[in-house]
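In order of appearance the chains are A, B, C and D, and numbering begins at 1 in each one.
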């Protein structure tokens, strides 16, 4: 059988780029569970969905609206896999933004503090629910903006993620219970700004 | 007052790249209404949302979850503006895909026909409702895939649109009533494949 | 095979309670297309979904998240069928609210005008998109309120619909194009207030 | 100022109907946090939204689509408050369904086991995400069915909740981490079936 890239997905999980025992204020148990169960669960689910899509597409009798139920799951799981990989890769740092990325963000938001205020407020507003806060570069409008996502199926159009903060409760309940604000503080302390800087540079070329 | 790019948006509508009186099977009245009222309405709405966000961010008393209601509208309207601009720009052609873009699509989907079958089926499944069918290049996974979107807030993660088909009913009801299948046929007859080819080339560099 | 009511649905469309050729400002063509294609489409889709659910439930190998894709479609199509039946049944009148229903609404909203202002504004805000405006009686909170719905899967918890206005574009594009405000005016002219009054009385007993 | 019931909401939380220290397999810490922070947070948020709606409605310059952002939050928070009250009230029992409610459920689903199989499978499919599983009586179709909800804004049309299982991660992460299946087992052990039976009786009269 010929390989069809559009109906394939990764077989393995992308390893953590840092030692989960060494984050500041985020437990190894939380990070390992998040990586293995939530990110890992979506990697497996995406593979299942793609297999079912290939079969359903080959079947002329599949009603189109039923086919789309699988395509919705495809969108959702793709979002989960991609945003989780961005998320883990932008953790493991010391939380200190370098001059270049500070300037890029300040240029877009008026000041670095304005950006941080909005990003944190959006996180606070998602506490107790589900979703993501994404600093992204919109390739179409050429803007660096913060985007609110209510679930994995949401996503800003034509946008490359620069910094991703998971606000699903599996990101913090195990360590902080309902205290999402403490998680947001911990997230900021562990941002891997070198990776953020790399993404800013890469996105600017798109 | 200092300019803050992240809280600004375009003041004007992007003009149509083709003569709306000359599409095959899509009336000038439909295209003009779609461009002016639906795309144009979102351009205006996005400007209003951004202004309200700037004011709300400056107000420490804005509850975070209320702030996020505006950020959700920001996501939704950004999607509407960006996808509509992609949509109109990929219309106005003769519907004949060139060898290069046919090959790129066939490489991803096994065959060009498999791609077209899925893209059309997804459109059919959205008939009578709302949403988009997007052929996109996922910069993170390096895959060319078709994505289902249920509304403007949906969007594939880290993906650049290659071909966008609007399935909101304002795209076809005026000409075809509930006969979405006729609209999909007409859409395919008017695809501007040179623009699609340009986007494929551009996305590959991201 | 034993009948399983939870996995069954109606085989036929509920007939219109009025002559679609005689509404004020809403064409017979629009109403017939809406009833047959959009409402009728959901009646058929719901039957298909229920059949697939029964089969998938009997199969132990169906992944739970794939099963839920069908349950989401079940929720969506149930909403479409129920709200459409409420909608058509609250059309065909002369648009003149009687004293009793005016009083019930005024008691809840401070004045009948306040209710109408909110209901119409919500409709205007849904123009160009999808969704419903529902005046409903919340059996749990014992409140009469207006609810915004963005699609058929949305719905107010524990609430019986009293007056339903469809804001999907198939409700008006054929007659009014993008001019949703004209449709809202026409909707109000055709409200069957006797049916609304009947529902208020019935809901109060729940 | 005249009281306007439609723009008011409850000032206080509905107390737990059971001693949270005495559930089987669900910790007092989990239940108290869930009740106070998640349910309680929505009670406060709903009050805030209603106040802002009353102000925004009185302001003629509020754009309709911005008004609807608040109405979406109104829908979402109403769902959260109502479903949480149903949820806590259907906990605190011994998990043993009585003959009457078993028969009502068996009549609808073919067998009580079929119902339980679907209800549990839907819960499993929601693990790691957000949403609710609702056994509800649809007053319009006169059916007892299980409904999938992806968030608090979702809801089955014209339906009274009979049994509600919260699948937001705040319902279980604190006790079980990502092991949603263990939570579902614990939920079933604590169902207050007398309350379920009461709701079935009450719904049948609607």
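By our rule, a residue touches a chain if its C-beta (ideal position, glycine included) is under 8 Å from a C-beta of that chain, and two chains touch if they have at least 3 such contacts.
Values in this document were obtained by computation on a predicted structure and should not be read as measured data.
Homomeric contact chain B/chain C is classed as same-residue, with over half of its interface positions used by both copies.
The chain with its CA mean position farthest from that of chain C is A.
Its C-alpha atoms superposed on chain D, chain C is turned by 180 degrees; the angle is given in steps of 5. For the pair chain A and chain B, the distance between mean C-alpha positions equals 22 Å. Once the centre of each chain is set as its mean CA position, chain B and chain C turn out to be 28 Å apart. Each chain gets a centre from the mean of its Cα atoms; for chain B and chain D, those two points are 36 Å apart. Shared interface positions of chain D, i.e. residues touching 2 or more other chains, are given as 63, 65-66, 72, 150.
Those residues of chain C that touch chain A in the shared complex are 45, 48-49, 52, 63, 65-66, 69-70, 72-73. On chain A, the positions that touch chain D within their shared complex are 29, 33, 37-38, 41, 128-130, 150-151, 168-170, 173-174, 177-178. Of all the residues in chain C, the ones that touch chain D in their complex are 2, 4-7, 9-10, 57, 62-68, 71-72, 74-75, 78-79, 81-83, 85-86, 107-110, 114-115, 117-118, 121-122, 124-127, 138-141, 143-150, 152-161, 202-203, 205-206.
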